[in-house]
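Going in written order, the chains are labelled A, B, C and D, and every chain counts its residues from 1.
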């Protein structure tokens, strides 16, 4: 048994908060061999980052290792003093951090930040170090390495910054590489490129890799073995293939069931949501830590389960793992029972919202030169002529990456940002561009939900006061009536009536979002816009919120505009989906049709970039070159032509493409390539595997 | 110096505010430094309020026979060249300087809060115009502006208060404006706008609670700087009329005979320093308590 | 970068214009009669009238303002009413003295304050941080005149009474004194100014360093295996010093206010004493001239700090 | 030497001590006043007056030249005095010399003055502070110094210092004894004392500041000179409108004032106690203590005020310049009068505001400082006579006026002394003025200097005789 590079046994780490010690990680053991990629999956608060930092011996002042051993290539790290750790940090361990923007020194040239490591670790002279640095930039496929080396971090895109950090980490050929959520802040297309790079660099080396993330898809595509972390404890460890095909712990099964697979619409399956939420640090239930949320909890579960060996190099911390293995209990993927929303019989259903060539521009502060030569001030056009119709009672999804203008569109509809051109109609009545010009009746029919639950509620007002306000102002109810209705609203979002007296500070992210939903539905609006409703929440809580939105929409009959970067979640919830890129729509189709060929090249790239949860599925890699162009100089002709893998040439650059109808489906797409050519090319190689059957 | 705010809110809210203020004070006394500072500030506040009761003599009461005596049981801080009891003048001086600076600082904070809220929330040309004007006022160092103003509108307590307001309102406005700008873009403010909340209620129910902690810290800071300014003006003999027991003026008068009557100089000078240090420590404590509360 | 420069210059000019308006209107309400000051109190009415006419006090205000601005820019600052002497050389000479005192104070206190602030910041909540913070909190409290008088009592009287060589208590600089001759007279005033400035800059630098330590790029630097000294000097200090530069500009404003008091305590012939002299004499043009010079100095200091900040901060330099 | 900054260089406008001292050494007077208030020759070596007192003939010293070399002639003297008395120019000496009929140069070095009426004090008038002889036709006396005096000006830096050097061809042989003079200006006196202690200056004029004087006691190497003078601070109440026009109020204020306490507290027993009349002990031949000054009686004062209709207290604003001992005097008065029910509100102002247009000649209650004059008549003519130009108390008493007129014109010494006695009686009985003290003048000079004699009006001190022993 060759000694593993990283060996962690019975590790317990605790943080001091206000005098008492709270255990973030309890009795964790695992090891990583050279050349092996071990994934640690867990939601926020599960202690995965603490584990990564503990492995590097870089806990903050108030964190300390209470028990256990950490050995790196046979050497006990806990015995070393910080000064002795310096060479270890330099040569043997390396970290790729989560948010690249703030992990580079803002006032130092990028090239220098890499060269200084080479100079220090290998005693290179300046010239040699700079040459090597440029060489490493080549290896991480950095476009135009010279320019990047001589520019500052704020002048390059997030993707490029992450490449610099990867180069910095690998340039000293460390024995152990730790990646802490390296791509969670990146767009899905950029993430795909970075993941390819990581896989390529690891394959050639004997480096042991510890990959920490909350994204199941990424783990499936990158890691060899996986450990599932819940509330500071490993509940399961297995090879990636075994874990995804046959999870042996209720929490893992619940996770896999609560994440919508690409292509699964609400007609096909009903997402399983794990009830309750993650226990706060320091208040753990007795016995099995997952007991309060577990569907299979029985009497024995009150005793702390050990890590049962459930297979070759496989463990599971569940008393009933054998029953799960035999398939007797616990399968949550349940096909949809009832038709959630009856598709509209009369096709010419009333349109709740109709956008006609909507434009949103932000004027740039003109520089003195421009003022003198009175050139028109440059402007950032975030939304360029979007036309969209949302029928009564239907859910329309709007999918796009950051910088695609989806939030600007939402704010323009709500009147928070004033649209510069185009018209809007709400319930077939013209909608004034600015919020201040709209009367209460219009406001009542148009509500919005925000992304960050922490900022959705005023921390100084109780939940009751927040919910009471729309009832009084928009629906003109009296104080007493409003108070009574608050209880009903709370009940509708599955929260006890006693929450009315609570302050937002005392609630979890999931609960806050539920109250935000209650507030939005309070005035029974015709249209509710949700801007990234679940992206700020943990995976296990997302499913519950998506299902809640589904049920409330069905009950109230209002229509929903769901805005997100997560194509899978939108695919599950929306009836119709529109894909937006650089302020213009690329493709609009019914949910089911969107996942059938022919795809607009951008949609195709999106689909191939999303990491699938099935490790066995193959995906044809289609990668977009360069970065999203800056909104001030928008490309002529087709906006996507600068990065389109199916670039035809002159025609894409010069002429704006027509909208093409796909026969026998509801799909329309915005591209010069005719339908048949597209279908021919795309059908030979499926861009993403078929969804997990059964 | 506590900013007493008469907020008529539902009982629930009063309870919350009560608890919030209580924990504020608890935190103030948590750290040793701010504990000392708060105690000093409260003691001097007490002296200012109970001034006439404590002071054995009037602020200008002259006992010709007792002139120029060192500190004794009868005159704790000794007497000055005109035979006035230094201890009484320091105590009554406390009232005069604390009330003057307190009033000035309070008015500056109130007007600063209002202007800050207005320009922060409304933005547009009001914000631009106000900020440019305040920039020009801030270009004049505080004491310079005070000297020129006092030199012109004449020496009276009213003019000193006016100077404090003119000198410090721009600074408070800037602080409040930055808080408003950061809160204005938060989700719940926009949600309130989307639900038809009126402008006024939006400003005072949604945004103002966030401004309050920063305002309290700024108020304490302005209060200590105001004392600093009033004392300095007193020393320069501007803005205050003898026999006003302004500590700065007492130091200036005592300076001529510092060799024979050193106590007439050291006690007022000591008083000034201790009060300012006390209020500074309190302001520092407030800032830490507020940051911890976040 | 040039856009940033142009905008800052634009603001500077606008600020100066507005300040000149503020100064001009304020000084118009000066009670007290200049001519009475000049001609003494026994003079007859028609002599007063002649004097008012000569000094142009009767012309309508806008004209007075425009002619004042015109003269201000061309350097012809006219005669000081009370001393009947040319204002320009008088103010420039006093400006020279004030700048000398200010520079001596800044040259010593700024580097000292930045080092102390950084040390306190780096060892947050350790004993060394405690002592530095308490010192800076305590000293900020002492008004200049209190520290000034205490220093005189101790270094001047105290030493002389014990027969030791004592520092001069008053700094009445002979007009053509060289720097060396003036040095002993500069020690006490600049020491007083330094105390107030030191405390102010230390606290702000300390906050800057603490803020910087929390930033993630520090963790990256440490995990690169770089020695702690390089991490501190090359990474942390470079970014921590940025906010300190704006602090130094603001402290210049503090210094000017402080100097007004210090110059009066030590009778140092600087702009501060000249201003109090002018206000006491209700000498209109002298007050206006001194105030505008001070404001110009203050505004230029702010501009210099802005530019320095932009140069060192790549985010602004490269837009 | 340290002193307050001078504001005025043109002799015609000088008023403060420093200004007179500087002018006194750059220019020369026709005739000078000695330390004991007698007339002494200076530019005029000899003079005689006609029996009817209307004609005065002066003979000028020979060989006198201005600093720019031009010789002094009678024409210069005539031009100087014509300028001083010219009604159109409105100079301070306009009224003083209004009694002169004409002035002629009756010889190259001989000048004759013809008066309209006899004036026993004419010689004193000619030795007034402003009467320094200028070169005929001088226009820029305010900025350029061209006198005949013992010192020449090298440099004048208005707000910092003025440097003089000895005038080699001064008409009096072996004078001045000092090689040069340097007057350094200090706005506040405390700094002047520091400069003396620090060795930066050799002489400091402390005016009437008693504190600084006592603080320099026992300072090694410094000689302190204390000279009683007739300089006094005048507390006066406007008598032409309420409340001042009611004699009961005046009497009440006098009764409420404790002169002994003021004398001890404000001037610490230096100088002399005042008796409410400008005729101080310095004029031994006219000064009398015959008439008793009202002793302090708070109860009587209160009764008088109640009788005058101010039962619930008399509120008054007391204006005073912020120089000399006047602010201290104001604060002591405030405390003393408060016991009698008079509530004062102090308004301490810079001199430029106090002597401004609605200042000392308008306010109801004020404190004005009056310099020491060689002869008392000056005060009576300019301050107390009905038509006096600076009658700040607007007091017009026929009987008093009659005595003033008599004292100012009679050539008979005995008659004049009797008139002055009556004037002192009237002022004590019903004059709306309180003069609590006559202040001494203090000077501190390094003991390495000799021949230093201070005059009552400090500015006229003569430094020509001062010399340095080898130190």
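Methods note: a residue touches a chain if its C-beta (ideal position, glycine included) is under 8 Å from a C-beta of that chain, and two chains touch if they have at least 3 such contacts.
Owing to the predicted nature of the structure, the values given are computational and were not obtained by experimental measurement.
Note on interfaces B-D and B-C: more C-beta pairs are in contact across B-C.
Centroid to centroid, with C-alpha atoms defining each point, chain B and chain D lie 47 Å apart. Centre to centre, using the average C-alpha position, chain B and chain C are separated by 23 Å.
Computed centre separation for the pair chain A/chain D is 93 angstrom, with centres defined by C-alpha atoms. Put simply, the C-alpha centre of chain C and that of chain D have 42 angstrom between them. Residues of chain B in contact with at least two other chains: 255, 258-259. Touching of two or more other chains is recorded for residues 31, 264, 276, 282 of chain C.
The set of touching chain pairs reads A-B, A-C, B-C, B-D, C-D, using the touch definition from the header.
Residues 11, 14-19, 22-23, 26-31, 133-134, 137-138, 140-146, 149-150, 153, 157, 253-254, 256-258, 260-261, 264, 275-276, 279, 282, 287, 291, 294-295, 298-299, 302 of chain C touch chain B in their complex. Contacts from chain D toward chain B in the complex involve residues 189-190, 209, 211-212, 214-215, 258, 261, 264-266, 322, 327-328, 330-332, 334-336, 338, 346-349. Residues of chain B that touch chain C in their complex: 33, 132-133, 135-144, 147-149, 151-154, 224, 228, 231-232, 235-236, 238, 248, 251-252, 255, 258-259, 262, 265, 269, 272-274, 276-277, 280-281, 284. Chain C makes touch with chain D in their complex at residues 31-34, 36-47, 80, 82-85, 90, 152, 156, 160, 168-170, 172, 174-175, 264, 266-267, 269, 273-274, 276-277, 280-282. Touching chain B in their complex are the following residues of chain A: 414, 416, 435, 440, 443, 446-448, 450-452, 455-458, 460-462, 465-466, 469-470, 473-474, 501, 503, 516, 519, 523.
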